[in-house]
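Alright, structures below, take your time with them.
Paired with subunit B in one complex and with subunit C in the other, subunit A is shared by the two complexes that follow.
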Partner chain A sequence: MFHWLEKHPFFFAVAVFLTIAFAGLIEILPNFAQASQPVVGTKPYSTLELAGRHIYIKNNCMGCHSQLVRPFKSETDRYGHYSLSGEYAYDRPFLWGSKRTGPDLMRVGNYRTTDWHENHMKDPAAVVPGSIMPAYRWMFKNAADIDTAYAEQITVNKVFKTPYNTEIPMADGTKATVALAATLDEAKTAALEEAKVIAADMKDQDVKDAVAAGQIPEIVAVIAYLNCLK
Partner chain B sequence: MNKTVLAAIIVVIAMLGFTYIAVGGAGGMGGEGDWVNKLAVLGAVVLVIVTAFVVTKYVRQMQFDKASGKLADENWDGIGEYKNELPFGWAIIFLGLVIWAIWYFLAGYPVSSYSQIGEYNEAVAEHDAKFEAQYANMDDATLKEMGGSVFIVQCAPCHGLQADGIDGKAANLNHRLEEKSIKHVIQNGSNNQLLGIEMPMPDRNGLMNANTGALISDAEMDAVAKYVAGGMKGTVGADVFAGTCAACHAADGKGTDMVAPSIAEFNPTLIANVLKHGKKGAIGQMPAFNNLTDVQVKALGAYVTGLSK
Partner chain C sequence: MENRPLEYDYTVAKWFMLATVVLGIVGMLVGVILAWQMAFPGVNLMAGEGLAEYTNFSRLRPLHTDSVIFGFTLSGIWATWYYVGQRVLKVSMAESKFLMFLAKLHFAIYMVVVVAVVGSLLLGISTGKEYADFEWPIDIAVVVVWVIWGMSIFGLIGIRREKSLYISIWYYIATFLGIAMLYLFNNMEIPTYFASGGIGNWYHSVSMYSGTNDALVQWWYGHNAVAFGFTVPIVAMIYYFLPKESGQAVYSYKLSLLAFWGLMFVYLWAGGHHLIYSTVPDWMQTMGSVFSVVLILPSWGSAINMLLTMKGEWQQVAASPLIKFMILASTFYMFSTLEGPIQAIKSVNALAHFTDWIVGHVHDGVLGWVAFMIMAALFHMAPRVFKREIYSKSLMNTQFWIQTLGVVLYFTSMWIAGITQGMMWRAHDEFGNLAYSFIDTVAVLHPYFTIRAVGGTLYLVGMFLFAYNMYKTMTSSRRVEESELQNASPMGA
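Up next, the complex of A and B:
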């Protein structure tokens, strides 16, 4: 066979490619398949959280904030446990970022709460002296796009088998279920219920009124997203 | 002696000369310098001689050697291939490499030696050991200094660098309680685990004023809130406090073990429990800070307690 291959340069090239590709496959694929499994405690996003994630992307937050804690003591002291690849299992796309003008947000839900985010998004320098982050006041007025978020939920559920309506093991031994609504109207109702919990912890009267009237301002969705980053 | 060998001898002499010029100054050849230099020079000499020997051998082989052996059947544009056996030495090296590759793959470098996480774990362990040794027995001043620096990193983003709560955005830690917070707790009760145990305080429908025998009224609530926020001085509200709050929080407001926390002053236990469980009150929600070490919690306790004294 080798003499035959030596006489046929094209098939020789194919054989070389297959040999090297095979080596690559057995080295890369099993490790990759294992590492990309969701870590225990990693949940898919709810509709409101996903809408917040879209706003995060729309405003290019990842231009200044990373979502990747490296295994250095200085970082784990400040941000918490270093990131594991399985924690991004439901991030499409992941938002690692490559620049930290602001701090890492991988686990911001562990050490900031709704009211802090509200103060901060309205006027960053008021809570962080010297901060150069701009204020995001329009988020208090614009409505969040729940339709797109719901469409993405359905898509990832069908295409990537993202486990909605499924019991997911959590780190403390309990099980959690993230619901995927059957219709768009149900999804909107569920998102509004979630928004009400967050609006209850907020101070801005306009936002509270909007949520009471059945609307979901962007700020509520963003805070829902930031709170779920753990 | 043919020309090739002569050329080889000239090359050896030239290269030894070059080596002498290059490293001789370091003292290696002159008998001075340490053994590392001498070893390096010896190595250079051996390399030069071996190189000359090998090159001479192959040049002579190209000049005089005749190919021999059985030709393979194929023939590529007139170029044939001998079916000679692999030289014995090469075969040994090849087999040795195969065995080495198996060892390398299963037990060698990439699997069991270095990992980034391993390096991280070592760095953390080393730091923790150093930290423990250095701060095993801290005096009060060091403890407060450490608390101050932890405060700037972990607490100041919400409570402010001056611990004043940044215009009511978080609790003012220079002061135990504010009127607003006290009224909120009386209105809504509290199940904050300020003592580390589930010990809910009832809302106002469960708060009796022993002096009047009735539930606490709005006016009484305002009065007692002012009284506690004002540092429990004066007489206005003192009677309400004695009749309603003192039963659990003690007459001096410093709390009762396993029943109620101190509302007169901060203490390290209270702070440790707030850090451990978080807190939700009139101003907003504070998350739990379980990433802090015991020493850091102790230091923060000392620092924050010291702020209002």
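Up next, the complex of A and C:
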């Protein structure tokens, strides 16, 4: 059979393809419907949080920080409850990372504050002596891209039925709703309102001034994102 | 075949050889910068505060991985394809104007993609998936390049004189098919600009898969991009270049059959070992783990087949630096394909995952196996495409030892770093509290990061020697006759 295949390139290619495609069919397809169900308390991202998530990706934070708490005592002691599949239901892409040069950030919103992040992003080693993380000072100057975040919200709502403007059950029995603005201007206004709350906890005068003037620096969006990781 | 030998046309092979050398240096230079940044964070500001955004670790890291995988390695694969393909199929590129045009188009579009990738990664335009960072416009260009290469492969096969496909061709076909399938499925994404009716960046997209599913598809891709980028085509090379350079026949045809079909069947299953103790179902993690161990068989099948090809001719290893490169490559292949399965065992993975041990594993595979084999292939090709002897044998030997030392420093320091950090993360004191804060486990790594940076720098120095040797071979080495090009490559002192 193999001799025959080696003289018939087309059938050879088909045989190779079937052999390599087989594993994907068996291993990946069966899980698809089941794994995408959210657990109670998992909300879609707000416009500002999503813009922050884009900045997280833009600067490849996942190159050094995981978002996956494994079910070991040493990890739950350090980072909190181990990760559940449904918690990632609205993560496109997933940001588990593959290397922990820095600590896991899956639940960083539980134990770090706006103030802490502000100081840390400006000068990591001043907050954590011995840190090898680079500073991210340009985030205090660059403006966050709210438009693209809003475009993504519309897209996931339309294509994947991500539940915006829908009551979502929370762990404490209450309901929560994440709004999807009807227009881009409304989305920007809502994002700015969120940004003001964060800027109020910050010290950097330039950032405060920018937010007061209706702009949203990257640092504000990225802190909004980090704060929502719980 | 006693009739007049074919005149093969190596134009495009030469272009890709050049791209291999240039992109190899770029990719490894960025890697070395990253290594020094981890040892001495001040290096993040090497170009001043104003350019920090573009010189800092986080932006450069994808540039390093992508330029080594999709720059250096792919160029090497294509350089060898446009050389080996003609020779084992017994047909010259010059015989088909169409295939020649396709090959040139292949190179041209690829160069455009390279420039687009470098620019977009520095600007932080990324989908956020490792080794699949490119946004949709670049993905489309990649697919075009890939389809052209496919047409080139099957076009050349279509007009071949040698009816039976040599082992290397099997592996090139598998590379083409494997990457095509994986890349397409993993990069399924929706451009938000169009879906939202023209809001935001035109190049931004959102993954078709979410969370755990996205992770599954990503590591099915990520692991097998390694399989079909770093293993399959490199095996294609060694099956051609080692027998050719040594003048020895491949030891066993049956073993090559077993190794090929075994690798094809088993490799794809092993992707799950990147997701052990994650939120994917337990049975998938176990499958990934088990198949990773099974993977030793086909991997070692090829490697042993290559080592036994040298049976009775081991003096060549001492005599020829070119054979030395290939034998060390296949030894590192065995080493790396044993190390990988060990790391895929669940209890070992619990310790090794997220640490530098994994980084060490990748690098003993890529520096020791992939890069050594690609450089050996280019050394073998050089006298045949430029009709000049390799400029300097002693320079080759120097390069070999500098780079070998570099790899050894790299993986030993990363082993120690990874296992140390893994042990410290899980250590509890007598009261059951965590013994170390996270930063303690970073501070302790400083010496190993420094040693790694030295190892990487040595390897880069070797790359420069390689580039110099190739340049001199191209331009000013002694011209050789066809009769000198049978087996062992002619080399100057």
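The rule is short, and it goes like this: the second predicted complex is superposed on the first by the 196 of 230 C-alpha atoms of A that agree within 3 Å, B and C clash if a C-alpha of one lies under 4 Å from a C-alpha of the other, contacts with A are read in each partner's own complex, and residues count from 1 in each chain.
Everything below uses one rule, namely that a contact is a pair of C-beta atoms (placed from the backbone, for glycine too) under 8 Å apart; a residue touches a chain by one contact, two chains touch by 3 or more.
Since we're looking at a predicted model, the values are computed, not measured.
Participant: Does the superposition put A:K7 against subunit B (first), subunit C (second), both, or neither?
Facilitator: both
Participant: Under the stated touch criterion, name the partner, subunit B or subunit C, that contacts more residues in subunit A.
Facilitator: Of the two chains, more subunit A residues are contacted by C.
Participant: Tell me which partner A:Y111 touches in the superposition: subunit B (first), subunit C (second), both or neither.
Facilitator: In the superposed model, A:Y111 contacts subunit B only, not subunit C.
Participant: Applying the touch criterion given at the start, work out whether A:Q215 contacts subunit B, subunit C, both or neither, answering first, second, both or neither.
Facilitator: In the superposition, A:Q215 touches no partner, neither subunit B nor subunit C.
Participant: Under the stated touch criterion, which partner chain does A:S66 make contact with: subunit B (first), subunit C (second), both, or neither?
Facilitator: In the superposition, A:S66 contacts subunit C only.
Participant: With the two complexes superposed on chain A, say which partner A:T189 touches: subunit B (first), subunit C (second), both, or neither.
Facilitator: So A:T189 meets neither subunit B nor subunit C here.
Participant: Return first, second, both or neither, reflecting whether A:P129 touches subunit B, subunit C, both chains, or no partner chain.
Facilitator: Touch status of A:P129: both partners.
Participant: Under the contact definition given at the top, report the residues of subunit A touching subunit B in one complex and subunit C in the other.
Facilitator: 3, 6-7, 71-73, 77-78, 128-129
Participant: Which of the residues in subunit C end up touching subunit A in this complex?
Facilitator: Going through subunit C, the ones touching subunit A are 37-38, 41, 44-45, 49, 52-53, 56-59, 61-62, 124-130, 154, 157, 163-165, 170, 173-174, 177-178, 181, 185, 190, 192-193, 195-197, 199-201, 204, 206-218, 220, 257, 261, 264-265, 267-269, 271-272, 274, 277-281, 284, 287, 350, 353-356, 358-359, 425-428, 433-434, 438-439, 442-443.
Participant: Under the definition above, what is the set of subunit B residues touching subunit A in their complex?
Facilitator: Subunit B reaches subunit A through residues 72, 74, 76, 116-117, 119-120, 123-124, 127, 153-154, 157-158, 161, 166-167, 169-170, 283-287, 289, 291.
Participant: Which residues of subunit A touch subunit C once you look at their complex with the stated criterion?
Facilitator: 2-3, 6-7, 9, 12-13, 16-17, 19-24, 27-28, 31-32, 35-36, 54, 57-64, 66, 68, 70-75, 77-78, 83-103, 125, 128-138, 145, 147-152, 154-156, 158-160, 184
Participant: Where on subunit A is subunit B touching in the complex?
Facilitator: That would be residues 3, 6-7, 71-73, 76-78, 80, 82, 110-116, 119, 126-129, 201 of subunit A.
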